[in-house]
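What follows are several structures.
You will see two complexes here that share chain A, one where it goes with chain B and one where it goes with chain C.
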Partner chain A sequence: MQRLELPRFEFIGRFARNRGALIGALLILVVALMALLGPLFFPVDPLRIVGQPELWPGEDPDFPLGTDSLGRDMLSMIVHGARATLLIGLFASAVATVIGVGVGATAGYFGGWIDEIAMRAAELFQTIPNLIFVLTIVVILGSTLTNIVIAIGVVSWTPIARMTRAEFLSLRDREFVQACRAMGMGDLKIIVTEILPNALPPVIVLSSLVVAGAILFESAVSFLGLGDPNVASWGRLVGDGRLLIRSSWYICAIPGVAIMITVLCLNLIGDGLNDALNPKLRDR
Partner chain B sequence: MGNDSYRVTRRIFGVGVFGAGVVASSLAGIAPARAQGTPKRGGTLVATWGGGEPQACYVPAGGGSSPTFSSSKLFERLGNRTMEGKFQGELAESWKPSADFKSYTIKIRKGVKFHDGKDMTVDDVVYSISEIWKKYAAASALTDFAGVAAPDAETVVMTFNTPIPEFFFSSLLCGNVNYIVPKHVYAGSDPVTNPANNAPIGTGPWKFKEWVRGSHFEYVKHDAYWRKDMPYMDRLIIRYVRDPAGRAAAMEAGDIHIGVFNPVAPPDIKRLTGTGKFVATPKGYEESVWSTTLECNMRNPIFAKREVRQAMFHAVDRSFIAKTVYYGYARPGTSPIYSPNKEFFTADTYKTGFDPKKAAALLDAAGFPKKADGKRFAVNLLAAGWFTENGKIGAYVKQALEDVGIAVNLSVPDRPTSIKRIYTDYDFDMAISNQANPSEPVPSTTQYFTTDGIKKGVPFRNANGYSNPEVDALVAKIKVETDPAKRKELVFQFEKIITVEAPLLPLVELESITVASTKVQNHSNDPNYLAATWYDIWLAS
Partner chain C sequence: MAGELASSTASPRITRGSSRRVAALRLLRRRLIQAVPLMLGVVVINFVLIQLAPGSFLELMTAENQVSDPATIALLRKTYGLDDPVWLQLLKYIWALMRFDFGFSYRQNIPVIDAISVHLPATLLLMISSITLALAVGIAAGVVASMKVRTVWDTLVSVVAMFFFAAPGFWLGIMLIVLFSVKLGWLPVGGMATIGGASSGFAAVLDILHHLLLPTLALGLFYAAVYTRVMRSSMLEVAQLDFVRTARAKGLSRNRVTISHVLRNALLPVVTILGVQMGTVLAGSVVIESVFSWPGVGSLLFDSVSSRNYPVVLGIMVLGSLMVIAANIAVDLVYMWLDPRIEIR
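Moving on to the complex of A and B:
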């Protein structure tokens, strides 16, 4: 039976062979630590007004990254924002992966009319511009963190579904699967324990990219003022600073750079995962 | 206010928004030219405003600030108000009440031509009043309207079921979109869907030429305009730029000469005027003062006690909002009638100034002490998302209320959702919204507080459900009191009651700004400049 049986160290070794991925992973680790430990260093609600508005970075040692247009601490908002941003990215990606793998596996394994229906549904979702779809869902459901996660998940599942379906199509008639069938194994068991582990590596790569996409979606939603106003998020900060771009551009620039680095790192990690998980590239 | 003014833009919530002052049946002439030097003739002026393109060039019910801005250059009203607060005739020469104030006689100006060459007659005036004003433009103000007739070719008589104060009547004649429209174009059609709304034919100094959707309106000089030798300029372009930063850039490049109603972001105002090539002025908004309001939903039993409502206002530092959120282009609000209102504003009202300790004491006394978790109760605060400032104020108010022990869940929905949640679903505990009011308090201001202002689904009315027989009776009296001094006293009384009761109060009165190139002459010379005809504007070389 073919299985995902890479020895752990070999996997890490392959991943680390991609320098970009290594740097990306380290930086994401920093962001994650910031998200986890931030509240310890900044116990006050980051959305509290604590000082003079529009203090430039370095102008006041109390606020190393300055303050925004209301006088809220930029550093505190960036640190707390990391938490919201990463959580949204991870959960949205999880939602998209669950839907995508579920739909794709069913469609690919059973084929026929189930496949037809599932793929037409996926196409329906793909024809609607993603951002507009997200905005519509958020406007209808209301701007809370949970709704934003659901909205992003709902628009991001289609590539995962198609990828999973393609993998299932190529795997479902292989000898080892036929052997399982001959042994009288049930469909569900075959899907979950036999085909899925073999189909998963490219899906994992894709999911990591969905995390990056989800962060960008959340930023866009918040930038347009539809984010959850009770949560500090990087996108909201960029949106707030937009009107001040000629005078206090740091309000846009700092969270903008944070978003850029995080998304870039996630993409690099995706590349690294691809190298590490794709057997064809194993000895490149 | 027109029932269908669903489009909210920062200038007009009220459509029957009108002026104030004492009637002056003066002959309207050419306003004193305060230009520097001799006006230069010819040329093209490009204007913009701090909002987007309208849904139609002219909307009979008003439709918000954007169509008011675009249509007011093409149409004219019977009267207008000067910067000094005097009423003067425009398409009317004069008007005067009967002894019982139940009818008004209006003398109509002669020699006025529409853009299509036809003469304006009393028939046009009668048609406009009975079919356009009564049904759309001033529907909520003309509740006691009995009829209108033209006894001769230069006189129109309006009759009412109750006595109508002169100030109210004069304000009506100056109302934002209370235009005189051509009967020969509108009669027999549905005015709301008449195609002429997108290529209007009026009597104004500017004649419609073209609407390039997504970009601009082009108007040309009306050669047969009744004010002799006016306008000075040959063309007026109204250009729409979506983004404040884009407007600032276009002004700097010299592509746009004047922007009304906050065309650029506050920090850019200083930058532009600093170059010496631009001036910024708060003048020209006296008859349409904007405010940001906070209200408590009376349907929530917590807010049944007025001490609790007062505490909400005591908890908030309005100076902070004015200074930080609006960069000083605002001042703390104290009364439902705003301070630029020379006729009806009084400083002698109950003050709910910033005093968190008093707020806490009031809440304790009202039976809402802090519980074990440090909270008294929780509220949903809705900040209407049509202005970015509202969201910022929401964030601040949330913090201010949390400081006195109230848990706050803030939401900042987009424009349609905000309108629906505040004015249709009443789905809020506290709401931050905006209103724009003229000097005449009835009905624009009063319908936020009276029982008959509670109209589910009609935006910018009484959304918090406040209902007080005392206020209703007082407003009924204000409506029919024809003695100006007594009427003033009654409005003062209204202000006192509302400030004590605090169902809805302004947090800040906004200072709207016009930014213009120093070349632009004769601007900001009307107390509602966005809705003025701009017949005398000119551009120095």
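Moving on to the complex of A and C:
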């Protein structure tokens, strides 16, 4: 297999020179650690009532981020919510990437009417207003975590498919691919083992942005009260605090800040990866 | 400017004007033909979703209205064609939609299309005002950032845009309510008009605008951030093209070149994004409407989703897609008008 990518250390060096991307990556690491190790520091069920209700942040040192309307620890809920939010974002992005790469690779490699149909399908999925589509799927099939993840994946795959298709179009007639064909290698094997590895870097960048988008989708679905009732994601925390904005607006504000920082960092990472992959475009 | 470039090579103005109109009509016809399979696709997806639903409409309706008489249920099955083969059901469904028959909202006891059209103006108002805000702010900020590239202003614009790009709209809306309605008391918390306020005339318009401001900010600032980023990079890209250098060499000032030459050409990517995102603006208004109790299609969708009123939910999805297709055609025409060199396939 031939690889057309740049040397790895050069890539990392370029990424690290982008200050925004570096900060983003470090903060995401913190959020990820929080999601992984959170339960060790906050072993109590975050939905258990532990203190007085509606304690403002800083009012009681036991609860640095305060308590919600029922007296549940905000910090513990944020830490546990990180796990739900990140996992949903990652899985939804994985679903979108699998569909998008599958469709895009087939379309770009075979071309012709297969390409035509695949691109019409992509157009179709872009036409249906995305969140309305997600809500419709979730309300018809039920508000389970799996359905939400699939629904978000189903509305997010089109940019990945377009990107993969473009990469395949530019790679499919290169010499190394022609050599494989001449050797009698099958189409599937060429797609998976020869072209795909070379087409992946820009696709991965896009996937990281899809994670950010998926987190926003999930938070909106949960905020509207259609999330999985067993999962306390950040979006649901904002929705829960919504009725208390007159007395305790921090209950809404804190999980929202968590969503914003996470999405912001993912976007910064995506930008950084993009710049590192296409140094020519850095100033744009 | 692109027009000037083209006029030096193209035939005289009069014929060019009429040929452009012909081209626009041809484009319109082609787009309308392309829209047919797209719409069919939306309908089929809808139909598949109906088929996937656990339990039929009928079970839901009968449960809703507490009907248990087998004869009535059999009659309803016949009325809704549930005993037909699936392909016939699909054909009937398509035929019904072609006559704008989206079924019946058994909750409000009116046809779905009526339920939606009552709520549509409010949503359109919110969408238009948000897009206008986003375009105005985004283009202005993008131009400023590109003219002061790599200065404090550029950084400031980029950082602010990054934040609005990452903030969930519903959360931004709530924070705006906390600040401007709860703390400062300047603007209303929600709704579209003051209850018992003026119902007509200038005062009523002013009242609606007063209610419109916060939802517009909550929905529009995200897109303002998008347009800022696109506009900045597009301005920088166009500024490097040859015709800009020619204009500068002619002795035009830098500002003059930027405003009358770079700006118009740099707008093209913004128009493209605007077309692509029409659906997401509509979808975004669903959440924003729910935050601000704005009486639009979003609120209707939210109510229908909560009460599992499938016909309305599916009707909104079909009509929403139709709106997106129409908006995209409009965007293509605008695109053509902005840049006569472009032949849209």
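As a working rule, the second predicted complex is superposed on the first by the 271 of 284 C-alpha atoms of A that agree within 3 Å, B and C clash if a C-alpha of one lies under 4 Å from a C-alpha of the other, contacts with A are read in each partner's own complex, and residues count from 1 in each chain.
The rule is simple: a contact is a pair of C-beta atoms (placed from the backbone, for glycine too) under 8 Å apart; a residue touches a chain by one contact, two chains touch by 3 or more.
Bear in mind the structure is a predicted one, so any value in this text is a computation, not a measurement.
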Fit-or-clash call for chain B and chain C when the two complexes are aligned on chain A: clash
Contacts of A:L131 with chain B and chain C, given as first, second, both or neither: second
Which of chain B and chain C A:S69 touches, first, second, both or neither: first
First (chain B), second (chain C), both or neither touched by A:G225: both
First (chain B), second (chain C), both or neither touched by A:R246: both
Touched partner set for A:T193, first chain B, second chain C, both or neither: neither
First (chain B), second (chain C), both or neither touched by A:S170: neither
Which of chain B and chain C A:V139 touches, first, second, both or neither: both
Partner with the higher number of touched chain A residues, chain C or chain B: C
Chain B versus chain C as contact partner of A:Q178, first or second or both or neither: neither
Those residues of chain A which chain B touches in one complex and chain C touches in the other: 139, 142, 225-226, 242, 245-246
Contact set on chain A toward chain B in their complex: 45, 47-49, 53, 69-71, 139, 142-143, 225-226, 229-230, 240, 242-248
Residues on chain B engaged by chain A in the complex (per definition of touch): 244-245, 248, 265, 267-268, 271, 324-325, 383, 385, 388, 391-392, 394-396, 398-399, 409-414, 417
Chain C partner contacts - residues on chain A that touch it in the complex: 120-121, 123-124, 126-133, 135-137, 139-142, 212, 216, 219-220, 223-226, 235, 238, 242, 245-246, 249, 252-253, 256, 259-261, 263-264, 267-268, 283-284
Chain A contact footprint on chain C (complex, rising order): 37-38, 41-42, 45, 49-50, 52-54, 162-163, 165-172, 174-175, 177-178, 182, 233, 236-237, 276, 279-280, 282-284, 286-287, 290-291, 301-302, 305-306, 308, 310, 313-314, 316-317, 320-321, 324-325, 328
